[in-house]
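Have a look at these structures, which come just after this line.
Below, subunit A partners subunit B and then partners subunit C, in two separate complexes.
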Partner chain A sequence: MTEIIQKVKNLSIGFKSKKGEEILILRNISTNIKKGETVGIVGESGSGKSTLALAMMGYVKHGLYTIGGECEFNSSNLLKMKNRDLEKIRGRKIAMIPQNAGQALTPNLKIGYQIDEALQLHSDLKEEEREKKISELLNKVRLPSPETIALRYPHELSGGQQQRVAVAMALAGTPDLLLLDEPTTGLDVTTQAHVLELLNFIAKDTGTSMVYVSHDLGAIAQVSDRIIVMYSGEIVLEGPSRDILKKPIHPYTYGLLKSIPKLSLAGLPQSMPGSQPQPGTIHRGCSFFDRCDFSEEKCKNNSPQLEYLEELNTSVRCFNHKSLMNDSQVNQTVNEIKTSTQDKEILNLSEVSISYAKQKLLDQVLNRISDDNPTVKDININIKKGETIALVGESGSGKSTILKSIAGLLRTKGGIIKFDQNRNLSSDLKERDPNDLRIIQLIFQNPDESLNPNHTVEEIIAQPLKLYFGLKGEELKKNIIDLLQKVRLGEFYMSRYPRQLSGGEKQRVAVARAFAAKPDIILCDEVTSALDVSVQAAVLNLLQQLKEDFGTTYIFVSHDLAVVRAISDRVAVLYQGRLCEVGPSKDVYQFPSHPYTEVLLGAVLEPDPDIKPKLVAEDIVEEKPPQKGCSFQGRCSRILGDICKNEVPTWQITNSGNSIRCHIPLKELQKDQIN
Partner chain B sequence: MLFLIIKRILLGLITLFIVSLITFVGTEILPGDACTTYLERQAFGEQLEACYRRLGLNVPAYERYVSWAVNAIQGDFGYSLSGEMPIKEVLGPRIKNSLVLASAAIFIGIPIALILGIVTALWRDKLPDVAISTVTIFAMTIPEFISATLLILIIAIWLEWLPGIVIVPTDVSLLELLPNIILPVIAIAMIMTAHMARMVRSSVIQVMASEYVQMAILKGVPYWKMVFKHVLPNALLPAINVVALTIAWLLGGVVVTEVVFNYPGLGRLVIESISNRDLPTVQALAIILASIYVSINLLADLMTLMLNPRLKTLQIRK
Partner chain C sequence: MKLDNIYQEEKKSNFAKVSEIIITMASRPSGFIGLSILIFHVILAFISPYVAPYDFKAINPTLMLQAPSAEYWFGTDDLGRDVFTRTILGGRTALTITFFGSLIALLWGGLLGIFCGLVGGKTDDIVMRIVDAFLSIPWILAMLLIVSLLGTSTEVLIPALGFFYGKGIVRVARAATHDVIAKDFIVSARARGHSNFSIIWNEIIPNVRDAILVEGAMRWSWMLLGFSSLSFLGFGVSPPTPDWGLMISNARGLMSFAYWSVIAPIVGLSSLIIGINLTADAFAKALGIDRSTKAPV
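For the complex of A and B:
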């Protein structure tokens, strides 16, 4: 029997509501973490997974309190321990790697100091030894030139580097247990894959136990031996990770896995209806009852208990797990998307370049362009009516910048954006007439920030209707109800405020507002990245349905390549504001030809322990596009030599209509895919 | 960095220029002028002409502005109307008195404000916070003329401990002035300290709730080390600007308090010269007060820039 290092027993944590009711965030959680194993805790936002991880360090957030149960470490209950004793455990025995290292590192202290602080507290090393140790740690997390990094402030590092520093800081105390709270969530795909690989290496190298908390089953699949699935504050499924991912015997996990878009499958995944109940709203019955496809009468009034199945080494909280057991291989069915692309061209970007650099006064006076290396350059895309085109790339690739220019929020520096072959949209908002504004609408990433919190849903949707069509009274109301129905929201939502809606509902309101203007083109900026996976599929399906009904054109920006695969007809891959590859999604995903596309797709994490990411290039962050030559030269593993450094590659076009911008001859690019 | 400092200084000078223009134009537009005020009912005919000639008011306004500005830069603000003495000499002791009052309030008030703000934030919602916060909110909301009057009533009249109003010549020596300023300083420091303590409290609370403080706790950093290393440097940075504004407000003359206590500082001079229609003095005061504000804010900006590593590197990169 392996040794148990952390024992959670009947843990309940909650808060008092304004009415004095006790509301539970965690409900009677029991689990054990064994020495040397990595446990993944997965769940949607609000499932209590982070609260559980923090409780394992004896930390309960301000406003919450322990209602019952304990977290036992070295046979003492952390939740009852005095702060002075906890200080000796935190960082030394149990260490935390936070979600957002950028905000978890103290801004006024140098990197070296912050690691040194952990060493001073948790080791007996002398100053010189500590200095050596800092370099060692920074080396271990694979940061370049540790000596200089140690002298930097946190904001001077990139997101991936900050996350690595956080890992180094956690390792400084040589802990027995590492808690990781969404450690890769804010990172780019390639960086995320590299950090995960590093964590896997550290787990093997040091034998540290890890608890990995994430909403992302893809990341969990890559690291964990065992998975705990949480739903509204309860454990609903716990078992070996391969079994859980391949044969989930709880309906929630089953539905969750089916709603995740996969790289290998075109088309939209099936969505799960509804959303997770708010804490304090479940009074009896199974908390998943409303959304369950397998529910029966008894699930409504009786809460299932967590049942341990010896033969599977799995615990499950469901009355019906036996029926799922026989047929639970997740055979994902997808809704094929219908292409509604017409021949007519609707938007044409030619030679578009955009620069954030402020023009110097002298240049303004002489009316000359000063920045010869703009953020976005040489963008040529033809967008057909009814098409969904996706712009993909890492952060800093210029994908959102291009959207802003099309919307008129950012003036282009050069080139022409033409709508419907004759209307010039290269101007910014102030110079566009109302109709130009109406034809292009935006849906933003975060509906919390894009919906005015002081307006009701009715007022939010009424605005474009009044502004563009001058609707009033009954007619206005009828239109609003119509739109709400189109986004599957009932009439009674009209009087609600955004704060009274769930994330998915808010995004539906944002979608309704965009469609209210009857636009020709809708720009979708990371529209699903703030949503939970189960809700994401529903929003994607809705967008697709509306597109088929209205014949709208979507320009879709996302960092999630599987989502893009699911919804788009065509993909444009961007690096440092320059196009690398443009082509039909099917071809780009099946035969990634451009070296950068290969890097991007290789790094995608699938919720399947058998599919490992392929790490091709280093995850260096380049601050500026190169002055001359190919934009990807700095990170390309297949660089040919001087030609890549000096000449911008010309477009090569494959038989299937894929355009690739690379110096490597097409034949060679395609030959490698076969191998 | 150097470029930035020069830019800020230039902007400050432009602000001063605009302030001087506005006060000049303002005094021009107002009905009546120095001579009509001075001569009162005799302000007509030959006498008025003679007065205009004597004061140089017979030349066009822009010429007067230029000559006034050129002299002002050299520290010469012309003659006060009421006392017929150089404004420079009127201002000198007043500035000194205001400085004494302000520095006393600053040296007492700022440390107390910092301590109170930090204590209330660290013991948030506990007894020390509730007690101190109640007092500070009171001190903040009671207008200074009431608190000042109450102080006079209790300490000067009932208890007879200290003089209630300041009856000393304007150019009194520092030592003689000291017992007189205790009450005004208390009156001013109360409001100022309360304001600043609230500011510091909310700033510390905000930092305490940040992810990096949670991280420091989870790293096992002992409480007080966390407070001094991770919390205070980040929480007090935004306080610098508030402190600067407060200092500027103090130096600019705490008008009401000075009047209540009959204190011979800049604030009372402002009131006096306005009611005497002593326009040259008003002009001089406006420009001096404006320069105090501008230079102290400039100093605060530069200090924040120096202390915040984030701003520092950003500037260098650009």
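For the complex of A and C:
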């Protein structure tokens, strides 16, 4: 048996509410971390996974306190240790990699200096040795030319590079245990795949144990040997990673895996009803009871214990796991989406370009925009009535920028936005009349920010109704209740404030507000990326249902290709503000595709240990689109030569109507990509 | 982490909200002391005309500079007037003028700040440079100029003080607006086509109100000090109206042998300022704004 390096025993952490009740965030957690293994802790927001990871390094967040249990590292309880003794362990024995490396690095110190600081604290190396060690560490995390990187400041590096530096700093003390708190969550898909691959390599190379905390089963699947699934402060399932992902024997994990959209399946995944209970609201029974498809009467009053199954080497907290054991191969069923696309064109973008460059005084005076290399250029898209079109790309690809221009929030540099074939929409908000504004509504990424915290749900939904239709009194109220019911919320939500709602409920309110205007087009800006997976599926299903009922057109912006695959009829792939590929979604997801689409598709992480991401191109980040030639020339692995650098490729159209903007002939592209 | 928020229930009435804030304020020792002092002064301002034992302007040469006694609790001043009577009446004018002055300051400073924060661009640049220019003028000189041109009547003093102390609020309101304005709910309101007025009234004011109110409370205590300084210099209220600043000014030459005539108004003035400051701090804490981490603008 391998050595256990961290032992968590009956750990409970919680806080006291204003009324003096003890409310538990972690409930009686016991687990062991063995030497050299990578353990993934997965759970939705509020499941206590970060609190557990922090407790593993002897840290309890301000406001919380340990109610019982211990975290044993090297046979001493970290939670009872004095700060001075903890300092000797943190960094040297247990290191942490934070979620946002950009914020974790000091902005005014050079990278080399910051790593040197970590080395001074956590190793006994002399000055010359440290210098060597810095380049060694930077090499290990695969940063190009370590000597120059060491002299840079954090802001001169991209997000992925910053995260690599954070890994290098954590490795400086040669720790036995590495805690990673959502280390790839803020990164682009391609960068994320690269960082995960690096972490895998480091785990093998150094033999460090890792605890990887994430909400993303796709990322967890790539790195971990063992998975702990948390729900509402408890461990509900713990076992070898492959078994858990292939044959989950807990209904929550089962439902979770079913609700994740997959690249191979078009259509919407089934959603899990309800949401995770708030801490302190469960007094008896199974915490998953309300949302469970397998629940029985006894689950309501008796709490299941974590049961260890010898034959599977798995612990599970469920009375009915046996029934799941027999048929638990996740058979994902999807709700086929009905296309309601009509032939009528509703929105037409032609030659749209947008510039963020600061304008010269003369241009300001003349009220014009001049920029020969604008952020977004040459956007030509026709959108048909009732269609869902998705704009995909990494951050900086200009997808949200285009959305803002359609909404009139950002002035275009050139081009025409035409509504309903004949009405020109001005790119200046002030020049649009109220009806122009009503027909296009927005739903934002983060419902915490898009709902005024000082307004009740009633006031929030009333705003468009009052503004566009001048409703008052009883009629207004009736309409609000109507809208709430359409987004599956009850009448009693009217008097609630956003802070009293869960993430999914807030997003439903935002959806209701958008539909209140009776719009023709709804712009969805990453509407599900701030939500938990189980809730995401429900919101996607709701959006689809509303679309079928009202015949609305969606313009859907997302970085998540699996979500896009699930909901959209047509996909437009953007790189550096230029279109690369436009086509029906089933074709975009097949070869031949634009080399950039290929990179994106290769980097998608699926919750399946057998599907490994394909890393085609380097994860470099370009700051500006190239002056001439193909927009993807800087990162393309199939670059032909001067023609790509000098000439903008023309559109090539495949048999199925998919347009690809690349110099490589389609046949060759397809041949290369399938191999 | 806002752990307690999730347990809050249904919408509360405004009265319930206000009383909850006051209870939270009073539950801290500093807040309790501050509130008590402030309430004491306000009550005193209301009832002092009815409880004052003597006529505040009755001059009696035979009673000049009497030491405190059972008859004249705080002694008498150089004209033989009762210091106790004048002290308890002396806060009335200061409190009223500065209270209304602060309201004016809050109103114009807050609204202009929110407006500038919302519209941004050139309008914001120009207005803020003017505010900066005013901020750079030593306030006492400017006040003296206004008072000497327009007189020292209450109708002049209230708007003059309100104007001068409002320009600091402009900055605070603008900064608070900037915090809110980047949020998506404002973008959403803009995209729907609401007017600037509607955005300010419905979306911004509920979110910046707390910060501005706290700033206004702090300005009140500064204004009180400013007003008393004016009176001290002889540009505030005119004699024989009892006023702390004026009383300190009149009696300061007699401090070495008739300390009582100067100590009473000093205690009155400083206790009121301390009371307002403590109350404002407790108010900020009760609303969840921590002033100790932010330097005053």
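The criterion applied here is as follows: the second predicted complex is superposed on the first by the 665 of 675 C-alpha atoms of A that agree within 3 Å, B and C clash if a C-alpha of one lies under 4 Å from a C-alpha of the other, contacts with A are read in each partner's own complex, and residues count from 1 in each chain.
The definition used in the following text is that a residue touches a chain if its C-beta (ideal position, glycine included) is under 8 Å from a C-beta of that chain, and two chains touch if they have at least 3 such contacts.
This one's a predicted model, so the numbers in the text were calculated from it and none came from an experiment.
Undergrad: Which partner does A:Gly408 reach: the first (subunit B), the second (subunit C), both, or neither?
TA: Only subunit C; A:Gly408 stays clear of subunit B.
Undergrad: Between subunit B and subunit C, whom does A:Leu442 touch in the aligned arrangement: first, second, both, or neither?
TA: After superposing on A, A:Leu442 lies in contact with subunit C but is clear of subunit B.
Undergrad: Between subunit B (first) and subunit C (second), which does A:Pro453 come into contact with in this model arrangement: first, second, both, or neither?
TA: A:Pro453: touches subunit C, not subunit B.
Undergrad: Quick one: is A:Ser75 in contact with subunit B, with subunit C, with both, or with neither? Answer first, second, both or neither.
TA: After superposing on A, A:Ser75 lies clear of both subunit B and subunit C.
Undergrad: Is A:Gln627 in contact with subunit B, with subunit C, with both, or with neither (first, second, both, neither)?
TA: It touches nothing on subunit B or subunit C.
Undergrad: Quick one: classify A:Asn655 as touching subunit B (first), subunit C (second), both or neither.
TA: It touches nothing on subunit B or subunit C.
Undergrad: For A:Glu156 in the superposed arrangement: first (subunit B), second (subunit C), both or neither?
TA: Only subunit B is touched by A:Glu156; subunit C is not.
Undergrad: Please output the residues of subunit A touching subunit B within their complex, sorted ascending.
TA: 54, 57, 59, 62, 83-84, 86-92, 95-96, 98, 100, 103-109, 117-118, 121-122, 153, 155-156, 166, 169, 173
Undergrad: Which residues of subunit C touch subunit A once you look at their complex with the stated criterion?
TA: 1-11, 183-185, 187-194, 198, 202-203, 206-207
Undergrad: Quick one: in the complex, what on subunit B touches subunit A?
TA: Listed in rising order, the residues are 209-223, 229-230, 233-234, 237, 308-310, 313.
Undergrad: Using the touch definition from the top, list the residues of subunit A that touch subunit C in their complex.
TA: So the residues of subunit A touching subunit C come out as 15, 17-19, 23, 61, 63, 278, 280, 407-409, 429, 432, 434, 437-438, 440-442, 444-446, 449-456, 463-464, 467-468, 495-497, 499-500, 513, 517.
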